[in-house]
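Heads up, the thing below is written out as structure tokens.
For reference, chains read A, B and C in written order, and residue numbers begin at 1 within each chain.
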């Protein structure tokens, strides 16, 4: 009787997760996959086949954009790590109590407004008639207005800014768990700041680094607004391409195929990242 | 349950408030899928007061309207307003609309020529699917103080305005450039080989022109900001955007290109699985009344297909319209014919190649 | 050339924090090869002192010399001292070999040489062949030895130990005391050991400094600190003691007559404690200095003998004791050796307590603040 009751409780607890998985994750993906393998012959005429996938590989624009998106996302992830690590280290190791809370909060403030507003904020700063351009001119550093928007660097700035919190949080958590005495022991044994960072701090923070990188990479890869608004006329982004196929071209079939390829790509990069850093998914996700 | 109750409650309150109104029995909720500005608050309030219906507005654009309706097989909305050229192909492809019952329309409210032209353009399998509502054009919005030379689409590629130009990477740009290059894309709609030839020429021109472009704009606010700040001095855009900017800065205005502005008509269509047809027809007949049409023109900035609809439009807007269009320019407007299915795939490929070119 | 300098010298070392003085004018020398303990309650400043020696904190004033060289301004990674941390601070991301070899790698020693020296030092601490193991595969005592090996492989002039036995269970702690002392003798390196556990300090040290409120109360060999405490604090902190608050009724040279606040009269031979009649005093009396007798006899002459009733018997093997309530109502703790005739002592039994006047220590209450 009792085990029956506890089993019922177990299934009741499991139900929302299962429901979520099946209804919101698995079913839409099955639907998307079915759409992606239908080739359009004419109005309301479809045939099953992998034509949409071959279209992707035969059209250079598609796979180049795909590769470009992947490389830029990896770069954005690396940049976010380089910028986020010192911030996280400072918050976790060099501050205490109130200051820590305040700094942590300051990292979060940008996330109180929508992504659109944040992106518009960057547009106001970077545009030709924007804040930075005017500042540089009034300081006499440049003679005319400077356009800093509509290029890949602007996308990079936007992506890093959007995702830095998701790097800082897991890093702070893992660095917090690093006993200060390990760092002191490193110094005591003759270590320099660099060697201690390399041999003690970074290996300890590895699960946080990897989980932060996974999240940031996914966010960058799946970002739509930032590349569209900050990017220039050559700045193509794969999610923008998916949107175009779905909405402006009415080509759900190709759009679905693109969606699946993006899913495959992100899984592959995460897998490679885990392999290269010698971490497992359960280690990184379980710890932070 | 709560939804039903609150709806019921709202109707109940409306009932007690307007005992005198005789149309109570058929009160419905009208889910309207339309463009920003086409359903102003005051018009909705008036409509709800007069008919007892309630109105829920969702604003969108052509492509998203079709995508939304496609996703639900024509459900979720009771009335939509895509442009007339996008109706038959979407109907053929996805079957998302239902025919208009002309007997329920007060045809006297519509300018007869526009009503019949739209009916002709939106006929599929012998049934009419669209009624004209708001019309306007797209052409050039130019800062005349800084870009006097821009008179036609191809002038956007002049060295004089290098780096200070913007347009959308969408089909109107392809068509506008084709006309200003002396080609006739609408005439080639039926012949895909000829049309591909035109597209190839336009593609070459736009690829060459790419260096001149500051950025391809996406949203109306984006291009207005670019023009207002002076970062862009000439752009392809809608007439209303130009007139709005003109109110702030007299130098900026809409210019009808020499080769002709592109004319569009936004319509009323009934989604295939709409549930409140009564309310939809009531809305159509309501907003086509001259004084209501004028209210919509004043917020949307574009004129309507309503008879005498311009009578109460404010004088500034009329003046701007007349400033941009003389009679010759009006006669020269190129009205979009219905887009044949499959054409957009060809255009998409061209646009992709322009986007990828360096 | 013989080195005349002690391994570690501190001169008037002071550390001020914004709101209190953690270390107050501390001076001491630690000769080469000796085991020096700093014993004190938590918060007495011993950790701060140790961190100044290791270089993690810099003194406000005073000088600190190692082998005669001043260490003021020298960062921790440049000092010839190594430290065994309270929780050992073994690097969990490295195996044992890499842990022990860490310091050598920082010095740029060649790989083969590191491997050889790591094996050597692990052998010396009795853990040959554990290089490839992970830290969490070792027992508490083994980790302890690895932590020491990790420091000793660098051949430091001074090894600092920050209560490294605190985390171990009692049995292992007893064992490690002996082992630490043996390791110190084996390496013949100067150890500076801080602890709040007087038994650790007494067992292992050549010299003990008893620290309280930032100051050294006494420096001396374990038996000196135990038997001849210089201050009331030392007498109370080191070892077990009965403490009486009392008043001097008469002083005859070093012989004092006292009456405790509870009303017991006693005689004490307090050489060196210059106390006058009427002064308040604190008396410390070791439980093992008191003898239990069944009856008062004539050879009790000159001793403090008082009748009492057994209040409770605390059986703890060799460390068993009884508390006796004397006729005046005061409680006295008495060691109860398990060899004597009192093995069957029970609560309520009538006994006499007897102790020699020279076995008690008494201090002026004015200086015995705590």
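Simple rule for what comes next: a residue touches a chain if its C-beta (ideal position, glycine included) is under 8 Å from a C-beta of that chain, and two chains touch if they have at least 3 such contacts.
Model, not experiment: these values are computed from the prediction.
**Student:** Measuring between mean CA coordinates, which chain is farthest from chain B?
**Tutor:** Farthest chain from chain B, going by C-alpha centroids: C.
**Student:** Which one of the chains is closest to the middle, using the mean of its C-alpha atoms?
**Tutor:** Per-chain C-alpha centroids ranked by distance to the global centroid put A first.
**Student:** What whole-Å value do you get for the distance between chain A and chain B if each is reduced to the mean of its CA atoms?
**Tutor:** Each chain's C-alpha centroid was found; their separation is 36 Å.
**Student:** Which integer distance in Å separates the CA centroid of chain B from that of chain C?
**Tutor:** Taking the average C-alpha coordinate of chain B and of chain C, the gap between them is 90 Å.
**Student:** Using mean CA coordinates as chain centres, what's the gap between chain A and chain C in Å?
**Tutor:** Computed value for the inter-centroid distance: 56 Å.
**Student:** Sort out for me which residues of chain A touch chain B in the complex.
**Tutor:** Residue list for chain A touching chain B: 43-44, 59-61, 64-65, 127-129, 147, 149-150, 228-229, 232-234, 236, 244, 246-252.
**Student:** Across the complex, what residues on chain C touch chain A?
**Tutor:** Residue list for chain C touching chain A: 54-56, 75-78, 81-83, 85-87, 89, 91-94, 102-103, 105-107, 150-151, 154.
**Student:** Can you name the residues of chain A that touch chain C in the complex?
**Tutor:** Counting only chain A, the residues touching chain C are 179, 181-182, 184-192, 195, 199-200, 203-204, 206.
**Student:** Can you list the residues on chain B that touch chain A in the complex?
**Tutor:** Residue positions touching the partner: 63-64, 66-67, 70, 90, 92-95, 169-170, 210, 213-216, 218, 222, 229-231, 341, 344-345, 348, 352-353, 355-356, 358.
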